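Listed below are the structures to be examined.
Each of the next two complexes has chain A plus one more chain, namely chain B in the first and chain C in the second.
Up next, the complex of A and B:
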């Protein structure tokens, strides 16, 4: 058995080209990749972080933004513990597509999934979406909000660490046994996997 | 000691003093004598050593002279050798100059022959000879040509260039004529001349164009779909078209392999051929996708009707992957390439694959396959759920059997697409549906029917048993509990099986990574992680089973409580004791037989839990009752029988039964003082011992307090 206590699945979605792959690479490998091709289907990365002295394994699924990969990427929504919806602050159309992405999320993801809106590429001079517009949108749809730059490594670590902390708090609340009648658990095992938004314990 | 000192020290005026001085002097004399003889003996050895040393010195002188002579000789030899090697070098130089001269002479002779020869050979339509001349010219050293010019010969290069270009024009014309005639032999013969005249790339372009036009019609012929309604018709056509493409690529490779630089020529040829493959494959796939859309393929929600199209889409995608894998393997098969050349060649091919149309087409096919597969999966599971809830009895097929049959089939088909992403997506969808089934089972197991398992009540049987009820709901409930149990096991087995079967994805394709967008290792991890997602489904089934077992415990609790009270009942008639002590084990046998027969996998855990419930209640009751010794003896006897039963039938509850037996033994004590004999060491904590003893009405509390435990 590997040495970690919690395993969380984090899925990144959003239009092609907004910088999802760069965010993941920045976080997992500490670099800003020069000119890699567009993601095909779904890519998969792992990083183990430490929260309050406990090992937390983040399984990060980086999806392709194009329509023709939708049937692949949709299959990952359901088991996600956190969904990061990314747009490009220098590209209005990527922001305009957010409602479509939200519809996808409503349809396929668990309704208790942690949702984070991320405006990426803050290093760019040609901003088109002011910060408060993004913030408003996030607030209206019950999402966390953060602006990042994968290029300048701004807020990237923070984005994933806050997700890890938040999910761990959620998971800890649910550590109680499921069946709470007058009888104890049958064989000492507590099963909480069925509760769809909960983490998988290792 | 000097005489003066002697005189000072000793009083020589007295005879005694004189005598003392004399003694002293004599003593010193003896010492001096001894020292002297020591020194003399050493002088002897020293002399010997000196002699040896002087002999050695003479010898060293001789050695030195010899060495000097040797050194002089070495110096002389070195000088000689230097001389010789300089001469050898000169000789070498001379020889290579002679060789060069000879080559130049040959070149000059050939040059004359060449420029004259090309014209003649062209006139004679002997293109092989003409190309041979040009090749000879091209292989000449520039120095030879320059030398020829320097001697006043008219610049031979101009003539040769002109001749070479005439030859090229002729060859191109001849090539085109041969292509029109579709004369493969002539085409290949002519192609081989292009590298000789230094125009390998032009030759490849011509040859690849020729192949491409042949390929175009081959693909058109192969891709014709006559009965499109027939299952698999499009996939078969696609297979034929891709095979035609592969055959032409291989023909080009075999011809090009012999010509440098083969590693750039092969991708160059592929660039001409690939568009023809793409055009054909795209047309077939477009037709296939419009013919096999969910709406048309599945009239009125009949999930089974979409299976043939699903298989066809999966097969088509797998064929496209296979074709890519075929292309990727070509450099490896070209054995005369260096590793670096192979790598460059593969990178070029990879780029062509990434940018070609059928890469997109494959993605679209996979997308449609997945959409349809999701539909199939959902519909099939819906049907299985409906079917199983309609069945009131436990007969017929089970929900778990059905859904796992579907899931396994779907996962296999997902793997058969040849795509890691496809297999992963199907695993995810299958996991979701199985989890849904687990949740559905859980809902149906929330409320058990009355008397789900038989447990005869304790005597006296004054309450008549309820008339036997309809057995069907009970059987169904237990059957569903079993299904939940096996569902959990199957989900885990299915995950393992999927990982095993998915190995084919890496065995077949020479790097499924291309389509998966990740390296092989990454692809494997991805697939493992998706397969592990089936663990969530296992959890859902397990939760359903746990719920059912907990409900069974709750349902049996009233009967168990009655038995618990009977077990520790203080007022029992002595006469019936032996029969009565066996009543609970007998009742438990009935329960255990039923549980083992109907819940084979969960029976042991359930019995242990039920017994624990019974024992806990018996302990509580015991601590509330009052006993005399007779009552205590009865309890002890009954509990011992129960503990024996637990030992054989419910090992999980053995310890707890032992503790109750120990408590009962305390109740049966004749005298308080016997407590240590009656109690096995550490069977009960001291506080509990006192509590139990306090239930005996004839034991005094202060005596109990005074006991040393």
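Up next, the complex of A and C:
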């Protein structure tokens, strides 16, 4: 239904194969997709959740991890309200790449963007990155931290809900950064198509 | 019950008309049952368009009513739109997609029916609806939404909606362009829809800058890579200058082709300020997707850009690519980029104006210079890059008018590092690279008049280079001269010295008046520079051959009795130098003799001089018998017995007197100077008349340029004799000054001594009757012998001749070149 009060854009980034698409599918469709192909460019999903009795619409942009799509994916960072940076706890290289990702985020995203570090695949036995290492990294870089399993649906709901809550608080305090220059009238009546901003809707 | 409701409605609303009554009367089970009477009329009208079962499709008659109502009460349009949207949202949520499709169809119809003034009221909900459908995960709805969007995009709105934003659409359509749907067919359809959607956004926004600025980076960074990504998946790239019209309306069902059409449209609509916004993501895309090597797709894409860009901006594509040439990439990528450049640069040439032309050239040269300076580990790759740049230069120049080519060549020449002083290896490399560029441009130039091909400053620069630099560089320079001189395609036939011209099929025409003026002005400078070029110790066979070709071309191009004396004079000087220049190796000497004779054989081939032809044929015959090493072809190495050394065979030489006789016999009056070498101070004589000629209004030159009345074949205007007389030895060539200042080295002097001794020896020991036999009977042997004896008695010092005599006071030529008088 369309009577949401807030619209937030969430972008997922991180190496290919860490489980971004699975996280999104788990959250939006409640399933763990079997053997889907790697994301190309950008994928889009939507989900409306309720926070404090108010409807919040999350626009989720799931990006391809591969180097070659970097230029198009970067173009989606800019209007993001929240960026979820994902690594695979059972795969050291995906963790080692985090500084590179941060550099990209630094360069292309709004500096007030909400940043969340996610260590995915906690269900796996062969963990390579201890929880506290991820936590430390997140803390050092001013990010929220959460470990998830898209497979076991662990912390996935919580991840997106916390983002929604956080962003809504920001929005209510009118702290939420205004993206894309023109925000359009906040009363939303004449600009119902406008989704470029936080879209506090009346 | 419907009847009852309709009555109720009648009571409640006083303004109901018959039509509505009917409509409500006919209202089927589809309109949601309860309390519809209490609902606003527009809602009822909307409800009525939905059938009971979605398979039945839109209820057409009711749709007509709704449309009629909207047209008569446009103030209700926004509510109708909003209501339709809400219904559809609910249906999407309940996955009743059939009804969603009907709602969308209704909105489409209303949109089309709306008058443009009232459209605005409706568009907001229409777009919300489209967005809603695009947010669904159902491909069918996404595609449907896109079609509606495209329909909307094609409507012209009177008053653009400034606050309306399209970034969701750009983002979503771009995502669709990258669809990864597991079903191939669906995937294609979604991608196609994505491209159509982008095309719609572009059309909607591009024409009006006040609406969302589509050219902003945030949009272009999505649109451009999305199009390119689809284009690159084509099975093969067919580059055509213009696509057929059916692709222009999104009817194309093949994503690569539609993406291409869309890119063309985008590029075609870009104004100057926007070109870069398109090009930047293009370049980034090629970098990211590593599409430079191999570069077929890049060439395809950039050609398409060039085909579709507004012509006056095509230059900026070249410029962007130029600037991107060495942006963060290895040499192979750079080379590939440069190759792309050379593929498109021609398009820009036609529409480039002066400053931008030179800017492009300068930019290319700067890149070349940077490449030369770069100490690349992979030299072969770097060379590929340089070649590609040079190719680009050539391609570009090829499409410029000829006068600009000359400008460019002069510009390139001006960039060639000065060879004086210590030249580093990099200098040499740069020199060679720039000469290659020059050659490339020169090859595209079509010479008509020599004076146009060789403006004085340009000629001067070329000639200065002709005896400088490394052997390879010098050969290159000659090739530049060849391409500029050779108007009749004779160069290949004259590539190496020969004495058999009959078979070559040379094309010879009589020298034109402007060319005669040109050569009378610059002939001396040209000849002496070529002569100097033949005197260098480092000359390879290639160098000598190349200079021969230049001279032979000059001979053919300037075929005229006016010039024949100069040519023969030069031939004698070359022969002379082969005997007297101490730095030349035996092979070089042989080569020069061969060249001299080859040229001598060419002269009677281009002019009707049968006597000369006979004479030369005799020498050739004699050499064939006795000294084939003094004939072409040039060899790298000659293994000669001492008796076969060139300086031991004076009777096989071309004789100055004999030449004079031959000319005279054919009615060409020419007093050839006894051995007029082009180097040394004797040169000062000739130099002065060239220099002074122009300044003092030399008779013959004045005659030639005076007008049609003056006959060119007048023997008096023949250069060579009178001109010599006029000017005296006041001015001295640079070369002579330089030599005078330096003087011959000790080694040179010693060598000269040695040679002189040998020559004298030869003369003394050669049997008189042998000499007699070889020289033609018509010659006055006695006179000759006298000359020879005189010269011998007058301290015939080569060394002194070159360096010792004070400038401005030339001693008699005979003194310096005793060898020529040995006959």
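The rule is short, and it goes like this: the second predicted complex is superposed on the first by the 173 of 202 C-alpha atoms of A that agree within 3 Å, B and C clash if a C-alpha of one lies under 4 Å from a C-alpha of the other, contacts with A are read in each partner's own complex, and residues count from 1 in each chain.
Just so we're on the same page, a contact is a pair of C-beta atoms (placed from the backbone, for glycine too) under 8 Å apart; a residue touches a chain by one contact, two chains touch by 3 or more.
Just so it is clear, the model here is predicted, and its values are computed rather than measured.
Using the contact criterion defined above for the overlaid structures, shared-chain residue A:69 touches chain B and also reaches chain C. By the touch criterion stated above, A:31 is placed in contact with neither chain B nor chain C.
Comparing the two interfaces of chain A, the one with chain B and the one with chain C have residues 37, 39-44, 46, 59, 64, 68-72, 75-76, 78-79, 185, 191-194, 196 in common. Of all residues in chain C, only 85-86, 89-90, 93, 124-125, 127-128, 131-132, 135, 137, 163-165, 167-168, 171-172, 174-175, 177-180, 182, 217-218, 221-222, 225-226, 229, 281, 284-285, 288-290 touch chain A in the complex they form. Interface residues of chain A facing chain B in the complex, by the touch rule stated above, are 37, 39-44, 46, 59, 64, 68-72, 75-76, 78-79, 178-179, 181, 183, 185-187, 191-194, 196, 200. Interface residues of chain A facing chain C in the complex, by the touch rule stated above, are 1-2, 29, 36-46, 59, 61, 64, 67-72, 74-76, 78-79, 180, 182, 184-185, 190-196. Against chain A, in their complex, chain B makes its touches with residues 354, 360, 363-364, 366-368, 370-371, 374, 419-422, 424-426, 428-429, 431-432, 435, 438-439, 442, 515-518, 522, 525-526, 529, 533, 535-536, 538-540, 542-543, 546-547, 549-550, 553-554, 605-606, 609, 613.
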